[in-house]
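Note that chain A is present in both complexes that follow, paired respectively with chain B and with chain C.
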Partner chain A sequence: MLSSLSSCVFHLGKQRWRQYRKISSLSCLLQSFNEYTHFGYRSVPKEAKTSLVGSVFSDVASKYDLMNDWMSLGLHRIWKDLFVMSLAPTADMRILDVAGGTGDVAFRIVESKRKDSGGSAKQVEPVVVVDINEDMLRVGKERAKERGYRESEIMFVHGNAEKLPAASETVDAYVISFGMRNVTEPELALQEAYRVLRVGGRFHMLEFAQVQNDVLGYLYDMYSFSVIPWIGQLVANNRDAYQYLVESIRKFPSQEEFSKMMKNAGFQQVSYRNYHQGIVAQYSGFKLGQDRNPL
Partner chain B sequence: MTTVSTRVIKYNWKALSCIGKQQQQPTQAFSSVQKFQEEWLKFLVCPVSKQTLYYDSERDELFNQSIRYPIRDGIPLLTPWDGSVVDQGEQVASTKEQQQQQRE
Partner chain C sequence: MHPKKLELLQKSLEYVPSCGFTVDAVRKAVESLGLSKAATGLLERGLVELVEFHHSVADKEAADYAHQIADNDLERKDVIIAALQRRFQCSEDFQSHWSQAMALEHLPQNWPAATRRLFYFIGEILHATKEKSTNSSWYAKRLALASIYRSSELYWISDTSQGQKMTNAFIAEWIHTWDKTDSNLSRLDAKANELWVSGFRTAESLLRSFRSGF
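On to the complex of A and B.
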């Protein structure tokens, strides 16, 4: 019985997966028009994408963390732990967490800052969480309150990554975790990141990326298009939001392309590091001032 | 597939889909919402003009001259779409519209 159930789901998933592969090649033609951009495998006007993304996250905000655990089989906790460990935030670093929503990464940063300050006289700078969706921020605020984080340690702001409500050169580290693929124009977000960072500041990003290994890529595609929307329907009662999720991952530029975009925005010492052969990638860049070519 | 297995799958599907139907909407009323702290203003500026903002405690808004940004549930709303241009207490246009007009 179990095998027939799993083969039934698998078969339905495979059909849908093939369907979406066909749609993705068609939508490439439409993208030649400048006013349109991709929303998963659909083509939408650029002005509409921001509100569409916002509505996707409003629908899933209450179940967001539970779904993260189910979809990534708990691995997202490890990725975020490694991410924050490699950032190594100290108490006096002012950190901007963009698209931080429910606050997963921000809470880890606050914990790290608490450990670093540990009663010393260093002034603890808050973590500012910016997100385009108010429902996600409300969920994050509730979680922060449950954990007992003070207002001086973490603050939640509703803002757009393409037009940040932060003054230039005020931030020591710009952190964005699984948010860049939802931004309508990542180039603008990178320019804003470069603007708000101080000289010596760090751009740190975690994002789903292109899988380097063909076999793993095949299995990953199968899992993404068959299992993830099905779990979305089961747990969050929203298949479309998670269909958008897996499609937006495929549409995001590859590791090399995004590194080039970071260099174009002015970041130096740009590097990336793959987890699981490229399922997740961690990007890092620094704002080092005017000397672009030291040699 | 056999009729037995389809019936079992339908039953399980109905049972499992109930998980998703609970708590569809995030709770609207939070018991104690953090009030806006004025010290946060040293980080926040207007997203469009990048000028400093001031806190209006009577109306619970952030403002700079004629541009106002609301605060909801202790969260300042600072996207370009949230701002409104207020002329003598009346809303004239949103900051986004004003920006587009200036471009034209």
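On to the complex of A and C.
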């Protein structure tokens, strides 16, 4: 019975997967118009995307962290640990966590800062979490309170990645984790990141990326389109939200393309590192000022 | 390399005598250059980049010195001795913290690059001595000199003599020994080659004789 059930899920998933691949190729035609952008495999007016993404995250905010565990089989914890380790935050670093909603990455940074300050007289700068979605911020604030983090350690601010509520050249590190693909215009977000960073400041991003291995890519697609929306329905009672999430991953630029976008925004020493053959990639770039001609 | 990163590496080296090859040296350099605190991340592979940067500068200086003195009609071994001694002089300011640099270089992820760098440096010195061998002795000479360099390095980090006199004497002794051994091996190699050629010709003529039926 179990084998017939699993083969049923497999065939259904395969069917849906083919259907969405077809939609994807059709939506490419519509995206030739500048006023449109992608919302998963659908094309929507640019002005509409922000509110559509907002409603997706408002619906799933309370179950977001649980769903992360289910979807990534717990791997997202390792990715985020490695992400924060490579940033090596110090107590006196000013860090902006954009689209940081429920605070997963921000809490790890706070712990790192606590370890670095170790009771010394070093000034500890708070981590500022910026998110456009109030529901996600609310969940983040509740979790921060549960863990006993003070406001001097972490702050939650409502804001848009395309127009940050921060003065220019005031931030040491800009981090964004699984949020860039939800931004309507990533180029604007990159320009804003460049604006707020100090000279020598670091842009650090974690995002789902394009799988480099064909076999793994095939299995990953099958898992994404057949299992994840089903888990979304079961756990968060919202299949469409997770359908959007897996589609949005496919529409995000490849590692090379996004690196080029970072360079176009002015970042230098741009690099990326793939985890699990490109399921997730970690991007890094620095604002090094006007000297754009490397030796 | 971006000019800002180059500046950071140069500035960090200024703090190495007081802070060692540690992240504190880089942080102080970042602060003095007025960069963001996140700029320490410019050294993507960590502190080994600081060590490699110093090597690139010091190796070049020693190699240039070797090329300069090679024109003075010195013997091969004297050029090598002078170049190696000069190389350690270039790192004089960091002697007390050099064990940290060696430890960083010998980490598994850094060791291949460090070895490549060493063999390249040795190659440059031998090139200055007009070394033109193309057989297996090319590899043997480089391996021998690389071993002498590493032994000298270990000796040097605990050398407390004035102007590294003990290390200079150590280098001179080992290079003399190597040079003698190398000459003897070359003579042996030539003799062995002669024996081989004559043996081969003898066998060849015997075979011809058998074929023609004596």
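As a convention for this text, the second predicted complex is superposed on the first by the 293 of 295 C-alpha atoms of A that agree within 3 Å, B and C clash if a C-alpha of one lies under 4 Å from a C-alpha of the other, contacts with A are read in each partner's own complex, and residues count from 1 in each chain.
Methods note: contacts are C-beta pairs under 8 Å (C-beta built on N, C-alpha and C of every residue); 3 or more make two chains touch, one makes a residue touch a chain.
Model, not experiment: these values are computed from the prediction.
Looking at the shared chain after the overlay, A:V98 reaches neither chain B nor chain C. Of the two partner chains, neither chain B nor chain C is touched by A:A281. With both structures placed on the common chain, the touch criterion links A:K163 to chain B but leaves chain C unconnected.
Judged by the touch definition given at the top, the superposed model places A:V211 against neither chain B nor chain C. Comparing chain C and chain B on the residues of chain A they touch gives the larger count to B. In the superposition on chain A, A:E134 makes contact with chain B only, while chain C stays out of contact range. Contacts of A:A265 after superposition: neither chain B nor chain C is touched. Looking at the shared chain after the overlay, A:V235 reaches chain B, while chain C stays out of its contact range. Chain A has no residue lying at the interface with chain B in one structure and with chain C in the other. Partner chain B is touched in their complex by these residues of chain A: 1, 4-5, 8, 61-63, 94, 126, 128, 132, 134-135, 137-139, 141-142, 145, 151-152, 155-160, 163-168, 170, 233-238. By the touch rule above, chain C contacts chain A in their complex via residues 1-6, 27, 30, 33-42, 44. Residues 1-2, 4-5, 8-9, 12, 16-17, 19-21, 23-26, 30, 32-34, 37, 39-40, 43-48, 50, 52, 72-82 of chain B touch chain A in their complex. Those residues of chain A that touch chain C in the shared complex are 86-88, 90, 92-93, 172-173, 197-202, 268-269, 271, 284, 286-289, 291, 294-295.
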